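As structure tokens, here come the structures.
In the two complexes below, subunit A is the common chain; its partner is subunit B in one and subunit C in the other.
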Partner chain A sequence: MSGYWSGILTILSINIIMAYAIFLPVATGQLNLGGAGFQAVGAYGAAFLSSKYGLSVWETIPFAMALTALVSFLIAFPLLRTKGVYLVLATFAFAEVVGGAILNSTMLGGPMGLSVPAFVEYQVPVLGALLVTIFIFYLMATRFGLVMRAAHDDDVVTDLMGVNVRGIRVAAFTIGGALAGLAGALYAHSFSFVEIQGFNASLSIYVLLYVLLGGTQTAWGPLAGALFFTMLPEALRVALPALKGWMGLAMGFQGARTAPDESWRFVILGILTVLMMMFRSEGLITRVMVEKLRFRHHAVRLARVDAPA
Partner chain B sequence: MLFLQQVSNGIMLGSVYVTVAVAFTLTIGVLNFLNFTIPTLFMLAGMLAWALSTWGVPTWGVPFVHIGPMPWQAALLFAVAATVVASLLVERFTFRFLKTRYGDATEHAIPLVSSLGFLLIIENLVRIGYGTDTQRFPGPQADMSVNIGGIFLRVPQLVSLVIVLGIVAGLNWILRHSRIGRGLRAIAENPDAANILGVQANKLVPVVFMLTGLLCGLAGVLFAINYGEVSPQMGDDIGSKAIAGMVLGGLGSIWGAVIGGLIIGLTEMLTIHFFGADTVQVAVWGLLLLTLFLRPQGLFGHHSIGKGKL
Partner chain C sequence: MLLEVTGLHVRYGRTHAVKAVDLHVAEGEIVTVLGANGAGKTSLLRALHGAVKPAGGSIRFAGDDLTAQSSAERVTRGMMLVPEGRQIFVSMSVHENLLMGAYLRRDGDWARDLKSVYDRFPNLAERRDMPASVLSGGEQQMLAIGRALVSRPRLVMLDEPSLGLSPLFVNNLFNLIKELNRDGISILLVEQNTAMALEVASRGYVLELGSLVLEGGADALAGNAALAEAYLGDHAAKPEPDAA
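Here is the complex of A and B:
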């Protein structure tokens, strides 16, 4: 396999794991706009153990996951006291505090970053993404998954039915944290270098957006979102010159500006987000759609009856 | 004396945060909508003011016809007007389409998410059009200053502080005493009851976005004049600090946003003074996180804001 495709597979795998990390809290009704902060904890946890103590990948990755899960678990209690807009702001603030703390820590390299000696080939992230995907599909099929859906749809009724909504939300947040830690650790070992500038607010925004674009009703949604977001630059590689010429003509932009090609990807992501929220706010892949694709007409009818017009 | 100088610098910096924070708190207070396009609108105003006064901006769709270059005073006016238009455009595509169909936990976030989409669109279009570099704004001399008892106050900053306080006072008066303000407060209190009593939400919601655009536009051009430089990234930092100021003051409270913005400006300058520039992020965001955990309603806010569904 060429280096080009193994690179793409690595990024795709990390994006998929990160998508599921954000998907779990969202599936219980909590928007997490601090994904980059949790990923940074995992990445720096793994990078530190690898560079300072020379531990192998098989020791650093579980440690990074455990560390991030612990941090998520501890932060979940005060965090989940807040609701709605406040929760979004609190997760966002948490990510900024993590970023600021790492930037000031001389032990973690501060603004210089840390280099990571232990390197993994692309097979490891791919295996990780595969296992995480299977795990999430299994989780959504269990009673726990059902209760998560219920907590998302109506927390008051779910509470009345005797479900510990708070416990479910903390659990979803913690598992999501562990997955973000895994994504961070795999990032650190795949690219052999971590710097905090890579884990900024924009990253949190992109992850949340592609998860919501894919849809949060089923486990297929984040998969579709991550796949789309990773493959978009590859598709743009072909379409970009034409697009640039057209935009230049239409808007009369002076040439020779040094905008990164990445900008185009984010413009397209933004436009799709706005359109999706206007016309199909539940995301690309919905529960009803999955049931239809499986030819379960009975289930579709039930889903229609469930949904108020 | 150096300390007092830092205090005055903090207040001047805070006045920029105040303007943006008031824009945030207005949309949250009336519409329960955290509008993430506000930092980009701020940036758009600054970048347009720069582009209009140095190159001129091409008219869309008509090649070879350019507006400008123009004197910086005219550029400022055009930039603010363009920002108001952009803000109305955002309203058309985000808030208009809010449909609560199921009433579940994440549905209130639909306009928030599409405003994040607009954040990406505007910011990256500016990058594509004008590049990512920091540009020098050819405005009036920013270093013109007066010396009051050993403290140097820059005149443009002093003028903008006065303008900002005047605008906030005016806005407060509009909300309290005018017909539009009463309508807006009615929507904030209870959208359904306001509707029954004949308040036309469809006509009043754009007013909120116009005011938002106006505040962001003014903040953007004042920033360009005061600090003499603009860049496509300038909204990120200011936006985050303004959000921090708004939360500290209490969501939905205008004077809360004023006090909060000034506190954040002071905190930033004093942290730099005592601990160095690298710790600012931790101090400001730590303060915000503590506020959210210990007193989520902020200093002057109300319990009900940020929980209701329009």
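Here is the complex of A and C:
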């Protein structure tokens, strides 16, 4: 496999894991705009153990997950007291605090970053993404998944049914934290280097976009969102020069043409994002859509029920 | 006595929403609480199911003091509220909505109660895997009631169940309430539809500005012209001076 494709697969896998990390709190009705902060905790946790103590990835990855889960658990209590846009700002502020702390820490390399001796091939993040995906699909099919969705729909009535809504939200936030820690650790070991500039606000925004635009109602949504938004810029990398060529031909332009500027990919990405929000605000993959595909045979059964005997 | 409320006060900041309310529901009874908008009916229910902490007074259920207990504890013991406005979980299927009602059931019998809900409401059984959002208003009310029944309640508290339903469906609803009562479930019915509520209930209480102003047998209340005039007529729903 070429370096290009193994790189893409690595990034895609890490993005899928991050999407699920953010999906869990979102599925309980809590928007998390601090993804980069949680990922940075995991990445630096793994990088530090690897560079300072020479531990293997089988030790650094569980540690990074546990550390990020613990941090998430502890901040979940004050954080989840806030609601709506204030929660979004609070999670965002958390990521800024993490970034600032790491930037000013000489132990963690400050602005110079840390190099990570233990290296993993692309198969490891791919396996990680696969396991996380299976885990999330399983989780959403359990009682816990049902209650998470109920809390998302209506927390007052969920509480009425005797559910400890706060406990459910803290749990979802903590498990999400562990996944963000996993994504961070895989990032550190895949790229052999971490610097805090890589864990910036636009990463937090993109990861939240994967979830919101992919769809928050089912476990398919974050997967679709991460796939779409990771692969689209790559597809545009190929399609954009061709597009410019056709446009030029159509307008009768002859002769050599320069390649279009890279940044046009992101303009198109932005336009697609706005269109998605306008025409499919509940996300690419909705619950009704999944049910329709899954229960196609069920419609037949219903028709039999309605038919006179 | 199944439910016994003594000297209950509910305050939100400086607003005194429920003032020294005494009421009780005996096992097997249908009791209604009447009153205009803003009379404190919903605040009373919120205190009863544990969403707000009462500022004073006590709530006893089947002999135990539940005043300081959580909602979960109350549900486990058999109190269940059907909230106002048919608040169902819209992104979930009919079946999943019903499962939520069984959340605290630890005994093995909940599946049988679920089946009996489907038997009672065949419309819900037919739409088992459909999103609850596609149900009609009346079916959504059935779902909210069915969800409460899956918790195997001894007392069902209904908050304005007839609100926004068609007249035909309101009739069905009140028949259903009588039917549930015949099956042994005690009912606390909070309503603005005075005539219908007094028809199914054996006793009633009238709330005004947070205080009980009248109580008695349903027949006596129904015949009380002063009641209709003073507290329950249309003009009573107009804005009144706040209780604060």
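Everything below uses one rule, namely that the second predicted complex is superposed on the first by the 268 of 309 C-alpha atoms of A that agree within 3 Å, B and C clash if a C-alpha of one lies under 4 Å from a C-alpha of the other, contacts with A are read in each partner's own complex, and residues count from 1 in each chain.
Here is the rule we use: contacts are C-beta pairs under 8 Å (C-beta built on N, C-alpha and C of every residue); 3 or more make two chains touch, one makes a residue touch a chain.
Given the structure is predicted, the values throughout are model-derived calculations rather than measurements.
Once the two complexes are laid over each other on the shared chain, residue contacts for A:A239 go to neither subunit B nor subunit C. In the superposed model, A:I134 lies in contact with neither subunit B nor subunit C. Touch criterion met: A:A150 reaches subunit C, while subunit B stays clear of it.
When both complexes are overlaid on chain A, the residue A:F94 reaches subunit B alone and has no touch with subunit C.
Of the two partner chains, subunit B is the only one that A:V267 touches; subunit C does not reach it. In the superposition on chain A, A:L74 contacts neither subunit B nor subunit C. In the superposed model, A:L160 lies in contact with subunit C only, and not with subunit B.
Common to the subunit B-facing and subunit C-facing surfaces of subunit A are residues 152-154.
The touching residues of subunit B, when paired with subunit A in their complex, are 28, 32, 34, 55, 58-66, 93-94, 97, 99, 101-114, 116-121, 123-125, 127-133, 236, 240, 243-244, 247, 251, 278-282, 285-286, 288-289, 292-293, 296, 306-307. For subunit A in complex with subunit B, the residues that touch the partner chain are 26, 28-31, 78, 81-86, 88-90, 92-94, 96-97, 99-101, 103-104, 110-111, 151-155, 201, 205, 208-209, 212, 216, 247, 249-254, 257-260, 263-264, 266-267, 269-274, 277-279, 281, 307-308. On subunit C, the positions that touch subunit A within their shared complex are 49, 51, 71-72, 75-76, 81, 83, 87-93, 96, 99-101, 103-104, 126, 129, 131, 147, 151.
On the subunit A side of its complex with subunit C, the touching residues are 143, 146-147, 149-150, 152-154, 156-164, 217, 287-288, 291, 295, 298, 302, 305-306.
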